[in-house]
Amino acid sequence: MKLYEYMGKELFARYGIPVPRGKVVFSPAEALAAAREIGGPVVIKSQILMGKRGKGGGIRFAGTPEEAREAAAELLGMELHGYKVEALLVEERLSIDQELYVSLTIDGSAKAPVLIASAEGGMDIEEVPEERIIKEYIDLDIGLQPFVAREVARRLGLKEGPAKDLYRLLPAMYRLFREKDAELVEINPLVVSGERLVAADAKINIDDYALYRQKDLPYVDDRTPLERKAKEIGVSFVELSGDIAIMANGAGMSMGTLDTIAYYGGTPANFLDCGGGTGLEETAKALELLLETKPKVIFINIFGGITRCDDVAGALVKVKRSIDIPVPVVVRLVGTNEDIGRRILEEEGIKAYTFMDEAAAKAVELAKGA
Amino acid sequence: MKLYEYMGKELFARYGIPVPRGKVVFSPAEALAAAREIGGPVVIKSQILMGKRGKGGGIRFAGTPEEAREAAAELLGMELHGYKVEALLVEERLSIDQELYVSLTIDGSAKAPVLIASAEGGMDIEEVPEERIIKEYIDLDIGLQPFVAREVARRLGLKEGPAKDLYRLLPAMYRLFREKDAELVEINPLVVSGERLVAADAKINIDDYALYRQKDLPYVDDRTPLERKAKEIGVSFVELSGDIAIMANGAGMSMGTLDTIAYYGGTPANFLDCGGGTGLEETAKALELLLETKPKVIFINIFGGITRCDDVAGALVKVKRSIDIPVPVVVRLVGTNEDIGRRILEEEGIKAYTFMDEAAAKAVELAKGA
Amino acid sequence: MAILVDENTHVIVQGITGNQGRFHTRQMLAYGTKIVGGVSPGKGGQTVEGVPVYDTVRAACEANRVDASVLFIPAPFCKDAAFEAMEAGIKLVVIITEGIPVHDELEIQNYARKKGVKVIGPNTFGIVSSGKCKIGIPPNQFFKPGEIGIVARSGTLTYEIAGNLIAHGMGQSTVVGLGGDRVPGMTFTDVLPLFEADPETKAVVLVGEIGGDAEEAAAEYIKTMSKPVVAYIAGKSAPPGKRMGHAGAIIERGKGTYEGKVKALKEAGAYVAALPFEVPRLLKQALGQA
Amino acid sequence: MAILVDENTHVIVQGITGNQGRFHTRQMLAYGTKIVGGVSPGKGGQTVEGVPVYDTVRAACEANRVDASVLFIPAPFCKDAAFEAMEAGIKLVVIITEGIPVHDELEIQNYARKKGVKVIGPNTFGIVSSGKCKIGIPPNQFFKPGEIGIVARSGTLTYEIAGNLIAHGMGQSTVVGLGGDRVPGMTFTDVLPLFEADPETKAVVLVGEIGGDAEEAAAEYIKTMSKPVVAYIAGKSAPPGKRMGHAGAIIERGKGTYEGKVKALKEAGAYVAALPFEVPRLLKQALGQA
């Protein structure tokens, strides 16, 4: 779950990470009031869950509260990288001496948290060559100790004032990262402003699997209506633009199914991984979800492990009996309780394929003929 | 630093460790009100920093608020194990099905925290044979995980209700132990009362060296006035009953000095370890402290490492000049800056011995002759 | 022979009294796995499918020799259960559970490193030494003794490929599921050397996915292998995954793409299948039976 | 030869710009210790007594070979400094600082175990291999080359005994201070085997104290030693220490008393001195020179 910049900065402030004085606003009038309260020149930042807002015109500067109101009026409601701007962050305009980059994330290969830093922060961080990127793997047993911050400050070449800020900032950032189950805490840029450091941006991703124990965080949902429904059912779902609706179990199998459909010249309408132990009720709901993509063919590819073939078959029959399925359904079914599943489908007159290539070829053929 | 039982229980409550309903009181009238508020039979417990209060008559039971008032009147002001009773804890009287013992402390040999538990808690815990004591060393890297609590519950033979309480209690106790820099967290007895566990006592020792970062804890000082003064100077001091005042540097050296004085038939008036880097000012104050024990002889035994002989000599001269030292001073001085120290003393007409046995024998001789 | 587990592996099931635990205990017993106990706090003394249940892992280990544990434990409690198994001295821990918070996974793998424990998973189907021992959830019928080792990041795709192998007359020595999670235990580079050293294994199938750099690391090792490796990488036509800010890009630095992985594997001398059902043909070719 | 440190040991001083750090750096240099650098954040580029100062331990290690570090760091920051030294790969860390919170000590020793680092201290005078290397704070004049190894829990008492030895014509091979703190790094049982193996050391002096069970553990090892051991245990007439609730008593179970330690050591074949200045006589007796 991604947090909006203003939420991230609220978290930062709670952990003692310095942020610019600022306020989230939802109307031009509020922007005016906020700019007045802050005093002096301000920056107005569109709150969307994507980067590169500057390049898209989503960030404005204002010298007076009146200008802030006008900028807010222009930004609110604007479409930016596919997101509608509904909130703005009005902040003091910082004097910037240097833009640094720091982030904490998880390196799956190293099986450790990794701190990444660079003296060359800002919009082009991904272009900074490897040797000017500082990477520190954090030992989980002792956490991010002050000595790591000192080492990073040294390598960043910070002067005493900003260095001392960094000694406090990095351990605080790590505490947030660990306590809030963050997959990512990113500050880009981390601004050197005179003798101090200020987090000019905040990008925080919270682990979806840990939301059950992060009840005090705001809930941010940037899914499409169909993806939201998928989330409720508990399946992994991405909308695509093709005409063959796909349901498979397991991420690898779902990818393999997409690959196979593509191989035979078909185009998938979606990616739907119904996962491990999804039961009859959920499978039925997943099928209904597929219909909403308005496909020409539905292709169900199940290789049962935790998923039981009889559940899938039962669900298909249940859906078929309760609603009209207006398109052909191609089923490939093998694995746990395969025999029972097959029998259930046969009783309903549905053919179950054994081989994936055969089934995929059939699905593509039907979609082309439709 | 030891905490009073009522302070320990307040901490317990903050960490979610179940304690009896109760209230600390400082007068019979408050005891009456507390007993009324609690309702039903109560127990009134003298708040002193020692165990075995029951055996000393420091714990009373009362069936009515009026009885509670009377018991409080008797207990307050009482002398118990050398402490004056100034506060009482009035608590609901628990129905007791079993008395367990649990504690967390540090095992210096194992270099790890150790959880100790026994199904046979209560006053005679120290007599419980080794094989009925459960010891679990805690891995600092992962802390006290719930599985440890399950293992302890199994070995204690707890039923489901109390076991589930223990699953929450032990990790909470460990959190307190770690976060509050405790040297000891002890619950004896931990009472099984029906389906639940209740901490019927609380013994918490906080690491003196960590008090600087435990500002939110109450400060408890059970030192004698002289010990308090010693603490302010920053030396380690224990009052003893003999007539030779001793100052040495290093705990081992101080003990060795006591041993040597005893060997020659003398009796030490105190133990004073002036430690490592104590400076001139502090050394002078330590000398003044020694005089307050009204000794027959002062024996200063310094083998300088961090402690510098010139500082000690300078301090002695300074004290000698500013106040009248009414008793002989025997000085043994070797180590860092020995030459300078020796010269300072000689200029003041003080002989500095080189060997400890010689000096100790002289001190004992002077004390006996005085 | 086989790798990691065989007919002498003594297994316990943590979470044996749950639905999944019960179901798969039955399946594993049916496959012939030597399950010596189950663990379920408060249920000690009961039996499940004839298997004795203990309150704690240590109690199970006091009563039995235990070589491996398999976890059917809800995600929020999985870290603790994995710690329990490792602390008790069990040296192979198979975590089936899906949806474990990533910070818990970090802690599990970190503790495993300290304790010298091999973790398979989380979010894995488990491990099967065909005809000898199945620890996990794959359907029994797709694993027949043979000479092909399989190591895979994804589950169902592995059943698919194992099933295809059998249909083409090729059995497996051992099939290892690495799990699809972000901080996996054993990885390709841990498992490939075991296959390389296993006399029973003649060739290895590697089933990878886009994302991460595990396949690139595997390619480095494959260069040194004497046995042929056939790889399939899923996700050529997959939708783009969730982006981890700039940090993700900085870590991956161009690794993680389908093209990059295929290139690395081909350069290392592996055979790369474009689709799952090409694997048997490439294997035969690699083994000179084509 | 000597144990742990010698004339080739490259040493850095953490906290070199403080009063104590500066003073003892001068003393150590005067003794002949090979100090290659000091560490003091923000002071990188300066020099102290001719020794270059670095901002971090890693910076010092990038510029020099470093075998050991000695810490003159205020107690509240000591844990972090010790972590820094160990993380940078230094394998011998000497912590002079007194008054470190006991939970910090736990963390330091726990991390040292993980990193395979030998910690001397905290709250120690340090270590001296006579005539070769002094790391720590003892006055230079009491350490002369010789054949006696000393390992001690207390500092000044060790100077006392080392001084007495010299007065009796006996020098020391190496003198190790274990420190007087509650969670020490190296203990008697870590150091005695090194003396046993050191060809230069002919006999060992063990200086213990009441409390804890380190001397009892040492006695177990002394049973197996070929070299004679003379012990002195301080605290026969000491006032009783602070009591750690029932827990302390349960852990110690009768260990920790003067009588118990003396008994264990005598039974193990050690010579036990009643007073510090008896040590030289007993040593000569033990070495057959009496």
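Letters A, B, C and D mark the chains as written, and numbering starts fresh at 1 in each.
Convention: contacts are C-beta pairs under 8 Å (C-beta built on N, C-alpha and C of every residue); 3 or more make two chains touch, one makes a residue touch a chain.
Being a predicted model, the structure only gives us computed values, none of them experimental.
Minimum number of contact steps separating chain B from chain C: 1. Comparing mean CA positions across the assembly, the chain most remote from chain C is B. In terms of their C-alpha centroids, the spacing between chain C and chain D amounts to 49 Å. In whole angstrom, the spacing between the mean C-alpha positions of chain A and chain B is 54.
Centroid to centroid, with C-alpha atoms defining each point, chain B and chain D lie 27 Å apart. Counting partner chains per residue, chain C has residues 107, 110, 114 touching two or more of them.
Residue positions 140-141 of chain A are each in touch with at least two other chains. Those residues of chain C lying in contact with chain B across their complex are 41-42, 44, 55-59, 77, 80-81, 83-84, 87, 107, 110-111, 114. Here chain A touches chain C in the complex through residues 51, 101, 103-109, 111-114, 116, 125-126, 130, 133, 140-141, 178, 181, 183-184, 186, 188, 203, 205, 207, 209-210, 212-213, 238, 240, 248-253, 255-256, 258-263, 268, 271, 275-277, 302-307, 334-336, 338, 355-357, going by the rule given at the top. Of all residues in chain C, those touching chain A in their complex are 20, 27, 75-76, 96, 98-104, 106-107, 109-110, 113-114, 125, 137-139, 142, 152-160, 163, 180, 182-184, 187, 207, 209-210, 212-214, 217, 232, 234-239, 242, 244-251, 253, 274-277.
Residues 139, 141-142, 145-147, 150-151, 154, 160, 163 of chain B are the ones touching chain C in the complex.
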